[in-house]
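Across the two complexes that follow, chain A remains constant while its partner is chain B and subsequently chain C.
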Partner chain A sequence: MAELVTSPVISRRWRKPPLIRNPWLRWGLLIGALVYLAVAISSVPVDSARIARGLERGARMISGFLQPDFASRWYDIQIGVLESLTMTVVSTVAGVLLSVPVGLGAARNLVPAPIYLVCRSIITISRTFQEVVIAIVFVVMFGFGPLAGVCTLAFATIGFMAKLLAEDIEEIDPAPLEAIRATGAGWLKTVTYAVMPQVSARLVGLSVYRFDINLRESAIVGIVGAGGIGSTLQTTFNRYDYDVAAAILLIIIVLVMTTELISGQIRRRLQ
Partner chain B sequence: MPVTVVNNTKVWQRYDTATRMKIWAGWIIGTAITLVCWQLISNNTRWEFVADASQQLSTFLQRMFPPDWAYAEQLWKPLWDTITIATLGTLLAMSIALPLSFVAARNTTPHPILRYIALLVIVVSRSVNSLIWALILVAITGPGMLAGILAIALRSIGFIGKLAYESIEETSHEPVEAITATGANRLQVLDYAYLPQVLPSFAGISIFRWDINIREATVLGLVGAGGIGLNLNASVDLLRWDRVGMIFVLIFVLVLISETISARVRKAII
Partner chain C sequence: MSTRAPGIHSAIPTAIFELKGVTVRYGALAALQDVSLRIEAGERVALIGPSGAGKSTLLGVLNGSVAPTGGEVRLLGRDVARLSARALRQVQRQIGTVYQQFNLTPNLSVIHNVNAGHLGRWSLAKAAFSLVIPLERETAARALENVGIADKLYERTSHLSGGQQQRVAIARVLVQDPVAILADEPISSIDPERSREIMTLLRELCDRLNKTLVVSLHALEYAYSHCDRIIGLREGRVLFDLPVGQVTPAMVETLYRIRA
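Up next is the complex of A and B:
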């Protein structure tokens, strides 16, 4: 009897359950992570003298942000921003239109295996490479200018939209599909009446979301010559015109925030 | 009414006339905007350069294949640097985003004013692309990996912070009440009521962002912020397309591997 009263006292102390249950995995991951961190951090070269000199530039940059110069390069800024916006609109529209067939083709429950594989590989290539890498290829093809940027963003949009669309289609309720097929409808009619009504609301929501992303990306493809505000921005940095750079950055931030607010409203209304 | 009578037979339509007019107007305005934008882009395009695009592409592909396999030997170090930039950048962002998201979440914020400041930080961080952050940081720290790591971190704080604070706001209130009822102080409530609910999704968000960051880190070198992008930039400038092809192959494999790891881990956590 005495044993029963005294012995459980030690084990009554409660501990939080750990995030990873298996102790071997937990400690192994922790030690591996620490070793990796040590190796990785030691492989980063840090030039403290250069940073000390750079801090003075940083200070100038901050003062540039406090007094952004919109006026002196207003013409270039205006053209660049307008080009970014138009690139965003055209590439989103083109990308969404093209992503619908690719997305349908990448849904396993709708198409035969060869088409599925082709569409999936388009999606994989588009998603693997960062927009700027794709832009390099399109600049080689079309020369410098906004057309290369439009094609880049449209191609990136296809990968993004088609993947999510295909996942959506693969998860649709199969009952309407069967019902429409039972009426003798062909593939196109089945898609129009059984598949699209189930995914179209999300398609619109995703397009609006992708518009945001494309606007953000349209600001950087200019760095490799694919049009938009990016090339102007890079030039201002190379010329140390930090007050102009600050003006451009502020415009980008405000534009992105505005479209994000609008698209958030639209998406909330769709749900 | 959606039902109209035409020639004594009832015709059903999904929308009534006014709604249909609105839908048509929406389509027409949307098409018009797109066409105007396209016009502007078309005006700024040298179409004579576009005319021989297919020829350009075929010479490009011919010069890219076969890739310069021997060049791979010089690419292992930049590839390792790319992974390091993405990983350290993500870790740095995680350590800042976790406390930040608790300040930004409506139910855990210490003060409403602090909450708005945290939300502002998140929005600004999200609005600026990591390549632009890299442009800024290269000017301050000089070219190199450090600028890349900081650029990745600055962009990721907003991404991780936003998704994390949204998941904090969605936590169940019952554990919070239960822990508070034991007399725990604020920190203990965070530790025992919120963290266990939030940590799995925080880990999932972070590994998702890590996978995106690997992709972003491949191009940071274009503005001098280290990684394989430096080699890409140099090879493009020298028109060494066989080397560019080799870099593309490595980037492709790297991103596929990181995406697989990220998807596996997220499936295991959630």
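Up next is the complex of A and C:
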């Protein structure tokens, strides 16, 4: 401190202090990182023959995509789309309904510690695994088909919705809670009158948002055999029907864009 | 033994509130220390004292939401320490509270906030159904008429002014129809002109409906004009507890004196 005051000449210009103070360590780490990078890149095997073959296949795929074929498998596509939509609706409704009690239980301001921990664990398990991983588990359990897909999406919905709902609940105004509790109302009635009204608009908004996530995911979980348009898509790839695959992809794009548009409208109106 | 909560309608007059040596501690902090008092049916009591004196804690004890750390609390003649959670809720139905911040659910319409007064009696199914199609609309409308805002029944609560929200909170207490009304600084968040109206409303309703009133106040003039008895709290202790006429300016000065 004293030095700063007595010698104003030395530190007129401010310089950003280095992240690592020791220059040997600083430069050593930097050079080490560069050497590692060079070695790592050189160790990746690059097979020019394979790249050439891949490019050729890629060209075939692109030419197939340029002429999407909606007609030849129209029936399969229809069934796939319908199945995906059904999966989305059922899993969103079931997931949202189940996520409400889990979300309430995961709000620290509402429940005692044991219930809180149980509900938080459910959320953590659901959020740890990517949908595809969960789908594989359910396909093993229930076999191929949309049931596995519905279970996957519903399970993923619980984690997503319950976590966001719990966070919302933890931030509500506690004053009405205090007042309703003091009238002699029990826990459920207090939640119904003081908690849910404060989070319901967001709950609806999140549900709509989750609906379009579930539609998108329904195409992906289908690829591991959990039903829906994804399964149809997977079949066309296995048959090298790139023109049909292109048609399916276009349909997915249109579907997802449409639901996103609608859900965006709904959510904007809610706010 | 009658099936009704004893003390409410029994022939022998029991105190509405009776505290003996009550202490409330939050960790190391003693919010109330050795407080003893008795409030009879029909009294109008003002609680005064500096911020942090324990007024809100005392009201919390009186409506059963704060459990004492020591001492004996009898609400409507029943010892709260011996009550099950359910029995305590039954006692709480008989005690209505009005708060400084109104404590209404902001995004519900007024009628639902007023109907929340029924929650101690209503079943969960009835309570939930009422949020879809409001029940007992006439009772709610009459309560709102009593507090002077009959036209606000279907308004969104957050759209009302502070004074109007406090009237909704009072209507909620009217619907609850308790034996005693507690008010925790009911006028501190309201502009001065509306304050007198709210205090007069509270007092008149208690007179007309024959309810006991305990109100904590920062504005001393209303303690003198609207109450019959004043309890002075300081640092968690009762400094004085006297009829309005016997409270001297010297006592009040001691109550609010900043500690040297």
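The working rule: the second predicted complex is superposed on the first by the 223 of 271 C-alpha atoms of A that agree within 3 Å, B and C clash if a C-alpha of one lies under 4 Å from a C-alpha of the other, contacts with A are read in each partner's own complex, and residues count from 1 in each chain.
Following the convention adopted for this analysis, a residue touches a chain if its C-beta (ideal position, glycine included) is under 8 Å from a C-beta of that chain, and two chains touch if they have at least 3 such contacts.
As the structure is a prediction and not an experimental result, all values here were calculated from the model.
Asks: Going by the contact rule stated at the top, is it chain B or chain C that touches a larger number of residues on chain A?
Replies: After superposing on chain A, more of chain A is contacted by B.
Asks: In the superposed arrangement, does A:143 touch chain B (first), chain C (second), both or neither?
Replies: first
Asks: Go through the superposed model and pick first if A:193 touches only chain B, second if only chain C, both, or neither.
Replies: After superposition on chain A, A:193 lies in contact with chain C alone.
Asks: I'd like to know which partner A:224 touches here: chain B for first, chain C for second, both or neither.
Replies: The answer is first: A:224 touches chain B but not chain C.
Asks: Go through the superposed model and pick first if A:65 touches only chain B, second if only chain C, both, or neither.
Replies: A:65 contacts neither chain B nor chain C.
Asks: Please indicate which partner A:57 is in contact with in the superposed arrangement: first for chain B, second for chain C, both, or neither.
Replies: first
Asks: Of the two partner chains, chain B (first) and chain C (second), which one does A:90 touch, if any: first, second, both, or neither?
Replies: So A:90 only meets chain B here.
Asks: So, A:133: does it touch chain B (first), chain C (second), both, or neither?
Replies: It touches chain B, and chain C stays clear.
Asks: Which residues would you name on chain A as touching chain B in one complex and chain C in the other?
Replies: none
Asks: Please give the residue numbers of chain A that touch chain C in the complex, ascending.
Replies: 173, 175-176, 178-186, 188-190, 192-194, 197-198, 200-201
Asks: Using the touch rule from the top, collect the residues of chain A that touch chain B in their complex.
Replies: So the residues of chain A touching chain B come out as 16, 19, 36-37, 40-41, 43-47, 50-51, 53-55, 57-58, 61, 82-83, 85-87, 89-90, 93, 124-125, 128-130, 132-133, 136-137, 140-143, 145-147, 150, 216-217, 219-220, 223-224, 227, 233-234, 237, 240, 242, 249, 252-253, 256-257, 260.
Asks: Across the complex, what residues on chain B touch chain A?
Replies: Per the touch definition, chain B meets chain A at residues 30, 33-34, 37-38, 40-42, 44-46, 49-50, 53, 56-57, 60, 80-81, 84, 87-88, 91, 123-124, 126-129, 131-132, 135-136, 139-142, 144-146, 149, 192, 196, 199-200, 203, 215-216, 218-219, 222-223, 232, 236, 244, 248, 251-252, 255-256, 259.
Asks: Can you name the residues of chain C that touch chain A in the complex?
Replies: Result: residues 63-65, 89-93, 95-97, 99, 101-108, 112, 116-117, 119-120, 122, 124, 127-128, 131, 169, 172, 176 of chain C touch chain A.
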